[in-house]
Amino acid sequence: MQIIYAIIALGLIGLVFGILLSLAAKVFAVKVDPRVDKVKDSLPGANCGACGYAGCSQFAEAVVRGEVNPSGCIPGGTETAKALAAELGIDFAETEPLVATVFCIGDNEKAADRFIYEGVKNCAVAGRFYGGFKACTYGCLGLGDCARACPFEAIEIGPHGLPVVDQEACTGCGLCVNACPRDLIKTLPRRSNQGHLVLCSSHDRGKSVSKVCSVGCIACRACVKICPQEAIEMDDKLAVIDIDKCDDCGKCVPVCPPVTIYPRTAIPKKLADIEHPAAAASEDGS
Amino acid sequence: MAEHNPYVDDLSRGIIRENPVFRLLLGMCPVLGVTAYFINGLGMGLATTAVVIASNVVIASLKNYIPAQVRIPCFIVVIATFVTIVEMVLQAFQPALYEALGVFVPLIVVNCVILGRAEAFASKKPVLRSLVDGVGVGIGFTLALGILALVREIAGQGTIMGPDPESAILLFGEGFEPMGLFGQPPGAFIALGLLLGFANMLFKKLNI
Amino acid sequence: MAKFSFRGGVHPVYSKEITSTLAIVKMPLPQKVVVPMQQHIGAPCELLADVEKIEKGTEVKAGQKLGDNKGFVSAPVHAPISGTVVDIGPYNHPLGMKINAVTIESDGHDEWDENIKPAGSLEDLSADDIRKIVREAGIVGLGGATFPAHVKLSPPEDKPIDVVIINGAECEPYLTADHRVMLEKTEEIVFGLKAMMKALGASEGIIGIEDNKPDAHKQVESMVAEEENIRVCTLPTKYPQGAEKMLIYVTTGRVVPAGALPMEVGIVNHNVGTAVAITQAIREGKPLVERVLTVTGSGVAKPANVQARLGTLASEVLDFCGGISESTLKVVVGGPMMGLAQPSADIPVIKGTSGILALTDEDVYLAESSPCIRCAKCVSVCPMNLMPTSIAQASEHGDYRRAEKLYALDCFECGCCSYICPSKIPLVQWIRIGKNEIMKRKNK
Amino acid sequence: MERLLSIIFIYILVENFVLQRFFGICPFLGVSRKMETAVGMSMAVIFVMSMATLVTWLLYTFVLIPLNLEYLQIVTFILVIASLVQLVETTLRKISPTLYQGLGIFLPLITTNCAIMAVALLAVREEFAFIEAVVFGIAASIGFSLALVIMAGIRERLELADVPEVLKGSAVTLITAGILSLAFQGFRGMLTL
Amino acid sequence: MVINGKLIVSSSPHIRSVESVQSVMVDVLIALFPAALMAVLLFGYRALLTMVIAIAVAMLAEAIWRRKSDIFSDGSAAVTGLLLALALPAAVPWWLVVVGSASAIIIGKQVFGGIGYNIFNPALVGRAILVVSWGGHMAGDIWPSPQPFAFGYDAAVVTGATVLAAPEKAVTFSLPEMFIGNIPGCLGETSALALLIGGFWLVYKGHIDYRIPGGFIGTVFILGVLFGGGFYANIFMTGLFHVVAGGVMIGAIYMATDFVTTPVTPAGRLIFGIGCGLITMLIRLWGILPEGVTFAILLMNAVTPIIDNFTIPQRFGGVKKSA
């Protein structure tokens, strides 16, 4: 008898609530973005709140709105993250992996200061102070706005006062690009890390550049003339290499008087390669 | 790593990479609630392990018969059933432990770890892999409970294998005055917080 | 009025004794002046290139108009000396950027423009006449804010003004220029005040002087003894006594609503220097081409109160005062609390330059900032009753919405919070960043 | 009456559900990041917790006990709570979208909140009378909310703090909760039932 | 004119007060000196030993955690150590002081990121941990009686009951005696006089806001008058008893006023003080613990962020209740 009671009781409870629920679902139906439902279906549905959202559906909405990374679901783990990524997949798959690159090598020794800045350690703020304490108004101030903006802790200010990108940790999200008040960071396609770059962003005239920085592009056009691929162009007194055209012949490197051009492989890949381009140049690229 | 052997991966994931307590911070209520003594922590861990393994296996074998819309309630029923069984077993064979764990035994049913594994893993993967996954997660959970309970008991009571005076071993002799804090609720939070910090440090050092 | 005070404020080391007893010295004509086209708040002046043919090589006379703007909130600039225009182009400006400026090389004759002549007696002038004279003379608030004076003299009709306050508080440490002006040009201040009262139809004039200048107080008091509707008000010495809202509160008991201008409560206030400039404009027809400024700080060999032509380079002024020592750490234009530190002394004196300070480590306290210990000293010294530490923190973490909720926009950057902070946090700088961001969002 | 007041006092301060009894730790850690969410969650918990105690108590007393089915406690309770929450959610969503935005979105999160399950189980175990059980549910939920809101306030401040890297997030939150629990120890022994 | 070297450019203001975190902390240490002195006079060398150990361990723990060799640093660790010592009974074993001092610094302060970021008063965290861990040593009925001017006496030997454990017996001590501090109790809490002297120094230096001690002591007094047990003939005497007995004075003047863990707004500080008083009396009168100051302040520390958010002061010229 006990067993029968148990079955009946449970069955009844289930039935009552089942009916109630399905009725409620019909009567109180509300339209929801179908994508949200799809994402929700891929979630564990534990509503545990570990993601910081109020529940799975809130998290799903946030994922669809792009506010949060699909890997935010902790109980679901990697499996769910993959499933979610597949659900929203298209945008992820198409993007090429990028890596952030800093276009300034005027470190503490190579680029002069105009005055001593005291105050909030923040590039955007310091840069507003009389055009920044660096004599070069284009150069990196090294106060680390980019490092603070990086959610992956992939950027750190090195011993010479320039940011170093940890190329393994960098996801190419581009937050540092927006954070840099001087627009010194660009995200480049990772690919085979090939191509040469002019690591300077100064559009000043050559004379004024050489006054303030020993490694700034002086717009001498020597590299433009020598490049067999015609990959280098002048953009308002700054040489710019198109890495799509560059074939890494390296002819531009020796002709650059201030030594501003480096192969991408020479850019330090993490803070441990402390020395900036010149010393790391011998490292092979992979 | 994943290519080597899916079973190894399934097993190790729950223990280290996605340890429910140290990495995912799930199912924290029993972790804090029953770890005043090592025995209790271990018992709770094993009870949870039993439930997660059993529910994983059952759900994995039934996954094709459960309609998607009502899968969550179904999972819950399965889990609740096993929790009830575990509760009865404990009550029958380990009454002291059952008393000590108190309401936390039935509360296994709302442990997010179990439902999480059911939904994220067991409902999609084959039975055997689900079993291995359950074992991994269970070990991971038990490990965390055990470590925390050990720390708390040694610091808070000066013993191991308490609270039963027969089995309890006084570690530092009679004169030792244990730090009562760790036997009490505030100590549970603080000990787990510090332990978590250590775990984070360790994980960072080992780069996992 | 009773000597009650406003809430908050600080008592910094005033260091005014260095120059307070030194009579104003007239600086010799500079060899060269640089006249920036913007020396006031509002629309920058445009060079009068078309009409007057001001260009490289033009001969100009002192007092000749160089630039103007048709906008209402603006004030023309004039040539401070006679000579030749040698350069037109961006030049360092005390505000920190490069601004279009006219460089004039002196001919050494100091010939004045022939149009400069007295405007007649005050009785003969209408309120409109006075406003026009003030505008044409390019007079702006000489206390440092450089708000065009004629704008303040033209309140909208629905805001009648009954009180004009002359600000003689000079609460900024180190500065004594206003103090000396009150002692040496007392009569001109009173005349200027009367002119302003006439322009505004105000019935009462108040001259507020901090009680650390008893001699100035006595001097002005004796001068207005005869005047029925003008009185001198003694102010307790406390920074920022000279901030207009504090000054109005202490002298009249009126509270200017947050975010509003003094005219809201029927008050206009002006600096003593502005009053003198207005007097000169009416009596002699002279536009604003020179001002009194204090040159001091322990880095200056011979501190002084100097009357200098506008456009004189700070470096020249400093040289006139014996040059600055090698231990100078900061060159500040304005007072030490609100003035601007300069990267070099190669900047011209402009209308708002109330002082040039060369500070050494005797004056400047250099320390790395440490985390906020929430001592709330900034909260208790804030004259606006704000929570500087919370605003700064919000701003530091980019939470500008919160900064706005905490009334960041009401901060007038007096610097009390940063001054008092034991952790040496650049609170004002953070708040300023917050204000900028909030304004940026608002303008979007 | 006195007993009811004692229950309220005890389960808010003395036997605080989160800080002394360790129920509802997951949402306590998860939802205490922002004050706004914490307050919303609190409201929802208070609502559902009192409802759940009410329903489960009735069900247990009038269905399970007469049928000698006490061992189905866990299964029924979890089912009832899950359905209840679902029901409230769907209803609220339609009837009052504003209330739903403020409160309803937290409802699913409550299903697996062990505090709710615990309150239902404890009400039965402590052998509370009906009114006592409901008051107990309300008091326990207020205690939960109190801890949650205090924690949210603290965490908003910790957000600005320079917490050591390895302790960031949950570790420091747990330690804070520990000290908070320590502070609540002051109420220990105050009033007993 | 040539300017040698480069000029410093910074945001205004360019002059700063000479006050620093360190100077503030030194002022607090000075303010605590009378109380410390009284402790040594009353409880002998054990008091001195406890204070030395507590301060040394606190400074050491902080220096080790921060990996800095500057032991004194900003002085905050020394303040924490001394405050903790003053809140301990005279006869506590040395290892208890070590554990308390170290946990005060590490769990109470450094895990939150160090000075300025801690949520709870570190000294009180240390003390609360000790109370919960070794209640027998910390809050038992048996307290060392003071032996004025007997430096060499061993506090552990002579004992008496704390006034709060059995208030009915308190009448054996006269209020003036309690005011001077010649009663059993924690090292620094017994002498209201010495604490007040230090308090006035802190108010004079502008380091503490009268609102917190005012609200705290005032609330304790009023509640003491109303519900204090009335074991004195005069109910106002009972109120006074509650103020001078136990840790209210040291708590109100030195611990509840700790900058970091209390509200920054004036109104918030008053609320904070009153809240401390309320909870203290709640625990004293109805709790099983004889004393509630420690827990009261810790609880109020916890709600400080909330108080701060609700007591944003009205700006100058602002309209009341503006949108």
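As written, the chains take the letters A, B, C, D and E, and residue 1 is the first residue of each chain.
Assume a contact is a pair of C-beta atoms (placed from the backbone, for glycine too) under 8 Å apart; a residue touches a chain by one contact, two chains touch by 3 or more.
Please read these numbers as outputs of a predicted model, since none were measured by experiment.
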{"item": "Those chains which touch chain E and also touch chain C", "value": "A, D"}
{"item": "Most distant chain from chain B, judged by the mean position of its C-alpha atoms", "value": "C"}
{"item": "Chain located farthest away, centre of chain D as origin (C-alpha)", "value": "C"}
{"item": "Pair joined by the larger number of C-beta contacts - A-D, A-E", "value": "A-D"}
{"item": "Chain B and chain D: spacing of chain centres that average the CA atoms, whole Å", "value": "22"}
{"item": "Interchain centroid distance [CA atoms averaged], chain A/chain C, Å", "value": "46"}
{"item": "Inter-chain centre distance, chain A versus chain B - centres from mean C-alpha coordinates, in Å", "value": "38"}
{"item": "Separation of mean Cα positions, chain E and chain B [Å, integer]", "value": "41"}
{"item": "Multi-partner residues of chain E (at least 2 other chains)", "value": "7-11, 107, 111, 113-114, 116-117, 129, 132"}
{"item": "Chain A, residues touching no fewer than two other chains", "value": "46, 48, 50, 114-115, 118-120, 129-130, 133"}
{"item": "Sequence positions of chain B contacting 2 or more other chains", "value": "25-26, 72, 112, 115, 181, 184, 186-187, 190, 193, 197"}
{"item": "Chain D-facing residues of chain A, complex", "value": "2, 5-6, 9-10, 13-14, 17, 20-21, 24-25, 27-30, 46-52, 54-58"}
{"item": "Complex interface listing, chain B residues touching chain E", "value": "177-182, 184, 186-187, 190, 193, 197"}
{"item": "Partner chain E, residues of chain C touching it in the complex", "value": "6-7, 10, 12-13, 173, 245, 249, 255-260, 315, 318-319, 323-324, 326, 328-332, 334, 336-345, 357, 359, 363-367, 370-377, 379-380, 383-387, 389-390, 405-407, 410, 413, 415, 418-424, 426, 428-429, 432"}
{"item": "Partner chain B, residues of chain E touching it in the complex", "value": "99, 107, 111, 129, 132-135"}
{"item": "Sites on chain D touched by chain E in the complex", "value": "35, 149-150, 153-154, 156-158, 160-164, 167, 171-172, 175-176, 178-180, 182-191"}
